[in-house]
Amino acid sequence: MSENNYLNELMKNNYRDDGRKLDEYREIEIETNIVGQANGSARVKIGKTEVIAGVKFGTGTPYPDTPNEGMFMVNMELHPMANPDYSHGPPSPEAIEISRVIDRAIRESKTVNFEDLCIREGELAWSLSVDIYPINADGNLFDAGVIAALLAIKNAKFPEIEAETDKVLHDTRTDKGLTLQNIPAMVTIAKIGDNLIVDPSYDEEKIMDARIHIATIDNGNICAMQKGGSKSMKIEELKNAIELSGSKGNELRKLIKSIK
Amino acid sequence: MKEKMNIKENEIVVPGQILATGKKFIPSGKCIRIDENIVSTVVGAVTIKDEVIKVNSNSNNYSPEIGDKIIGKIISMNNYGWRADIGSNMVVELDLRDASTSFIESGKMDKFMSVGDTIYAEITRKHRENFKISTKNKPFRKLIPGKLINVKNSSIPRIIGKSGSMINMIKEASNCNVIVGQNNMVYVQNDNIENIFKVQNAIKLIESEANSSGLTEKIKEMLTK
Amino acid sequence: MAGKSSEPLIVKGKRLDGRKPSELRKITAEVGVIEKAVGSARFTMGETVAVASVYGPMEVHPRHKEKSDRAILKVNYAMLPFSTSDRCRPGPSRRSKEISKVISEALEASILLEKYPARMFEIDVVILNANAGTRTAAINAASLACADAGIEMRDLVCSVAAGKAEDTVLLDLFQPEDNYGQADLPMAVLPNLGEISLVQMDGDLSIKEFNEGFDMILESAKEIYEIQKNALMEKQK
């Protein structure tokens, strides 16, 4: 494992193979409203990782226990075009995990007030579906996915509904959208040996021992967390990761808020 | 350097349990060194000899090792040999050249041994991750169809007895051919099925009363009735 | 997570079932409960019941999943249709597939996989009765079943969740509390090593609340280790 030793030596000196420091994100590029059919959309690049998120509104009957709330779902597919590791077919456990973790981070942050999706209490409500697709998977699809989903929701505009029939006129747009309340920022940290590194690249993900994704909201509270990978983390490492996710999360949140 | 021995001879330990602390100790069997500590990796009994701490797994599950004598059932055959099931989802391979000292025509392999046959074999080597067996040398061979009994790993020493005293007595008293395989299998064969049942009951008794004294006499009585 | 309960969940420091905030539910553990399995265990936490079976080491199917230098785990977590108050449809769901994955990783961090190259262990865990904390009960059952099967592990895997209800951090929530939960934090701990092999969280926790829950989990993990140990020793008698 001479390659690992080389990477370990680098990391001891606070450097990674691509020249980044251990707690440094790759360059983040953001573009919004890139696809017309979607009610809202965003394209996010973190380094060479690129994802696109699109929002579609639909309508449906609210769940009986939440009659004044709408429906919300986030789905991420690991499409084979983004990386030869992914294959066609039913969602792999990895695809299911990333979808559910991103969904939880956004849902639990309460960034969208689901009551804002209510049309007629108990009868009709909006369903907000966010679909995220990787265009190029070069590591850390989690953080890119969360940012893309948030921005797609942020600039999403409701379509019109025909008054008598309640039919959604999908080709129309109103100028009404959703106000995001708390902005969740997800920070992915990889454990390689005794090092914790932020925003792992594809090569780093291939050799990492474990990963942890931590989402915090504006007041510093944690709204979602998931540890993955076959190796365990020491207690101190977990505490350090949480601290790191707080400070890096604030940086990401500032960036997200700055996008119109 | 703080040295500490936390366990005593024959104590039963569990995974994660710290057996001893100190650089001088050497782990053997189913335990490992993690930093300063010797840690058990299974449920088992500890033996201590000077600095060597050894853990033997109490698990009933058979773990194949080269040199083991096993009883298996042939489950498949191809041009290169046969494969045998030795219990607990484990499969071993018998290459054509290890099957017999005499020549076996590859077209006539099934005359020699076919699917469903019971064999007594020894584990001779490992090829990649698969164990290879041989029936070339005596007493290993294809067996006449008989009864296969699954026994607990811990019962085997009792079934064999001191210097084979128990197993020899069973064979004599019942007139059956009995072979004990290290893979927790006992083979019993006799033309009279009643005798086979007698041996089966005897083995059941040994398994349930392994620790009682006078067992050999009890079994002998049972078999000669 | 729904709104507020009509009845208070905590009165004078006592929860509805009489427990203190940092107290575990009553736990029972038994190994060797499935005769055919190589290893098995039943683990209950309050009313939640999990049963785990282990088969292996066996050859890997499908072949392409085989790893030449270590074993792989095939973990299947399932809730039986009658285990929940509203019948849940049989068959895997996205939730059960994710839980299967995290349980697998929680165990892999402890099992000495390199001792079983090119082999597979099939681990099935079913929930017979669900009263919150199902994945934690599942991990505890699976850990015991693996030890029962004689699989070499660096430590037993001890799992419990902390949570928050009525703005109070609580250990091992049961159904009435979970229904009004404000946060859920399940974890799996390797107690002798001081390592964490599973952590998931959703809801709202300040860093202080997280640390409170984390400390409760670390303390009770030691208790759970002793319970698992006793179950394994009991079988040796």
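Which chain is which? They are A, B and C, in the order written, and residues in each are numbered from 1.
In this section, a contact is a pair of C-beta atoms (placed from the backbone, for glycine too) under 8 Å apart; a residue touches a chain by one contact, two chains touch by 3 or more.
As the structure is a computational prediction, the values presented were derived from the model and not from experiment.
Averaging the CA coordinates per chain and comparing them to the mean over all protein CA atoms picks out C as nearest. Distances between chain centres, each the mean of the C-alpha atoms, put A farthest from subunit B.
Centres computed as Cα averages put subunit A at a distance of 27 Å from subunit C. Put simply, the C-alpha centre of subunit B and that of subunit C have 34 angstrom between them. Between the Cα centres of subunit A and subunit B there is a gap of 54 Å.
Across the assembly, subunit C contributes 110, 190, 193 as residues in contact with two or more other chains.
If you check the complex, the residues on subunit C that touch subunit A are 2, 94-95, 97-98, 100-102, 105, 108-110, 113, 185, 190, 193-207, 209-211, 214, 218. On subunit C, the positions that touch subunit B within their shared complex are 38-39, 55-59, 68, 110, 112, 117-119, 147-156, 190-193, 225, 228-229, 232-233, 235-236. Every residue of subunit A that touches subunit C in the complex is listed here, in rising order: 65, 91, 93-94, 96-97, 99-100, 104-105, 107-108, 110, 210, 212, 217, 219-235, 238-239, 242, 246. Interface residues of subunit B facing subunit C in the complex, by the touch rule stated above, are 12, 14-18, 30, 32, 34, 39, 41-43, 57-61, 63, 88-91, 128-129.
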